[in-house]
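A, B and C are the chain letters, set down in written order, and residue numbers restart from 1 in every chain.
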Amino acid sequence: MRLVLRRVAPALRSGGYGVLAAGLLILVWEGYKLIGSPDGVSVGGVRLLPRADDASMPHVGQILERFGRPEVAAAGSPTVLVAVLRAMWFSFRVALAGWFGGVVVGMLLALLMQRFRTARDALLPYVVVSQTVPLVAIAPVVVGWGGNLAVFGQPWQPWQSVAVISGYLAFFPVAVGMLRGLDSPTAAQLGLMHSCAASYWQTLIRLRLPASVGHLIPALRLAAAASVVGAIVAEISTGTRGGIGRLIIEYAQSATGDPPKPWTALLGAAALGLVAAGMVGLADLALGRFTPAKGAR
Amino acid sequence: MSSLAPSPEDPAVSMTRVEKVFDSGRSGAVTALTGVDLAVAPGEFVSLIGPSGCGKSTLLRLVADLETATAGTVAVFGKSAHQARLDQDYGIAFQSAGLLPWRTVRANVELPLELRKVPRGRRRERSDELLAMVGLADFSAARPHQLSGGMQQRVAIARALAEQPRLLLMDEPFGALDEMTRERMQSELLAICERTGCAVIFVTHSIPEAVYLSDRVVVMSPRPGRITEIVPVSLGERDEDTREDAAFFSAVTAVREALRGHPDHSAHHASSTVRGVDLR
Amino acid sequence: MSALVVVRRVVTPVVFGVLFLLAWQLFVDVRKIPRYLLPSPSAIGEQVSENAADIVGSAWASGRNALIGLLLGVVAALLAAVIGMWIPLLQRLLAPLASAVAAMPIVALAPVLSIMFSATSDLPRRIIVAIVAFFPVFVTTIRGLSRIDPVHAELMHSYAAGSWATTRVVRLPGAVPYVFNGIRVAASLAVISAVVAEYFGGLQSGVGSRITSAASNTAYARAWAYVVAAIVLGLVFYLAALGVERLATRGRTAENP
């Protein structure tokens, strides 16, 4: 209990500072609206400071108030809050599917690379390099899969394309982090297992896997963020309906008549990212005993 | 280097009724040192030896003004330890060489001079001198990681001597070195002390090292940390043969017995008292 | 490098890469995979050479956005980190924002930034790149500045050195590897966000907008050709950042911040 508290207390404190920081951002926003020019500030034809009018920068209050009003004027339209929550739920499930698939594939790949020298030599450079290049660029090119593929007799659903992109982004940090974790036991620890005539599987289960948890948790967090970003970007570029990414684009199109609306979808996307990271944080707490290095520091 | 030239009759270090309590006033208070009286004459070599937790490093750190005494007085060349630090009256070397990895060997040696705004030409002269003295003249442009542990420690000693201090504080400086390197470094240290004439307070775990180097060996014991005995050593001029001298062995025995408390104490008791002390 | 190391580091991955491309080519040819599902490497290669001039031009447009945004973000992060050293409150305020931003899809800001500034300028994208690049550099720089070897701290204390002297002599040089490590991470993120921000509309000048327009015309091989360009752009940024990092930290022990 004490240990959990020790881990939670700093999180609460930084959460408090986070709220304070968000409050300050709101103050800056409203402050700029007070003093800023409605046409922004341009130097040499390039607008360097944003337009401060209500159409470009709605009041924070207007944005919050917009959540409570119906999405469109038509009768029976749900409120924006409901629409945003629904879209978040859709994207969340897609991202979760992608994250889960990515984590499984990433872990298997890490095990493979740890076990076989040749697999490591052949794959690792690509895994490392792929973290540094804009792989999410492939999102638009898998659009064509929707409705044109069949897996086990089931037609390929558009959301599956999105999940594939999302998983694709999630898998790289997991593969790299897991491999680093599997490699982390010291020579002394491996020597001990060797002296006990432990098999590969025994060494894996009793030493390498527990040792990898500390490296895996940050990788899972990165993967969670990547899968959310991947899902949102993929929704936009594949034109998949129902998710928060699509909602951002849709709401942005109605920005001229309804300036606060795009901000509501944006807040939803930000909240989704935080929820995903928060869930990994909970997993971190649950697996606390495997990560002494972090607690000791 | 100091603004107030210390008068020759002042002892290098003088400690009276010094006490050091960590976390004083709280439930976890630990008395690290109590009732310490010690004077070190100019040019004298004094070693501090004792098991872990006897406060020998704390004593050294009080002299260096890295810690402040809870009670009693610590004087360095007749002034407070704090003033002596501000005046740079001492040089210090730790167990880890603590060289800045991004600086060359020369720039590391020149660091204290640089902080004192000594002009570049003068700095260079001094670092040439010091590097020649510790036998590293050829390595002035090297980076610390290119040197062996013993060489790094020699750079640290050269750095400690940069401002020509008349007091050198050394906290287990050879603790991480192998036995062969260690003995060579001991001889080199003695030669350096002879040339510079500075007083040394030397913390160590090794009885032979303490005996070989020192004019006096201060034996300490823990819980609470205190000085139990001061063993004078008179070996005269040291050289490699000294290590095989009968006088050397009898001084080693004297220190060992002082560490055990009583010369005729039972063996099992002794082993627990001297835990952490190298009896080689 | 010994022969074995060459085989491991170079030959194995190259052989694997070539085999992978061959398998892809064969798979597409033999199974008659339609182009809208997966174009073959040779079809993509054809498109690369056909569109070479435009690929270079659009890569330059995206690369410029990434570079300018990256520089803005890095400069702001270094300033914030150094100021944050003197004003701890700033650090405490920015730290939770940094972890929040790491979890949030910042590129999604593209549409609203286009409204706030202008949809016909590169500035919104550069701002996005700057925000994305700011936080990794800020976090690693703070880490580097606050990590000081206790022996170095005591040494500086024994020299009666003031806090500015300690900062100048020990902290700033000690933070250099951390700073460049952050810049390397930020460089990759910069390209990724510069390209992806183009998916959200705005100026049609960069690689990202070429990919979406080719894909919406079902010219998938051409889209893949621009994906290749994006990947090469990412590699260039990564290698450049790695090179600068090696230069800045040469002559040090192998330290891994």
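Assume a contact is a pair of C-beta atoms (placed from the backbone, for glycine too) under 8 Å apart; a residue touches a chain by one contact, two chains touch by 3 or more.
Note that this is a predicted model, so its numbers are computed, not measured.
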Overlap of the chain A and chain B neighbour lists contains C
For the interfaces B-C and A-C, which has the higher count of C-beta pairs in contact?
A-C
In whole angstrom, what separates the CA-based centres of chain A and chain B?
55
Rounded to a whole Å, what is the gap between the Cα centroids of chain B and chain C?
50
Report, in whole Å, the distance between the mean C-alpha point of chain A and the mean C-alpha point of chain C.
17
Where chain C touches two or more other chains, by residue:
none
Which residues, counting only chain C, touch chain A once they are in their complex?
8-9, 12-13, 15-17, 34, 36-37, 92-97, 99-100, 102-105, 107-109, 111-118, 121, 123, 187-188, 191-192, 195-196, 199-201, 207-208, 211-212, 214-216, 218, 220, 223-224, 226-227, 230-231, 233-235, 237-238
Listed in rising order, chain A residues that touch chain C in their complex are 14-15, 17-18, 20-21, 24, 40, 46-48, 50-51, 55-57, 117-118, 121-126, 129, 131-141, 143-145, 148-149, 221, 224-225, 228-229, 232-233, 236-237, 245, 248-249, 252, 255, 259, 262-263, 266, 269-270, 273-274, 276-277
List the residues on chain B that touch chain C in their complex, please.
64-66, 85-86, 88, 90, 92, 94, 96, 98, 100-103, 111-112, 114-115, 143-145
The chain C residues in contact with chain B across the complex are 149, 151-152, 154-155, 157-161, 165, 169-170, 173-174, 176, 251-253, 255
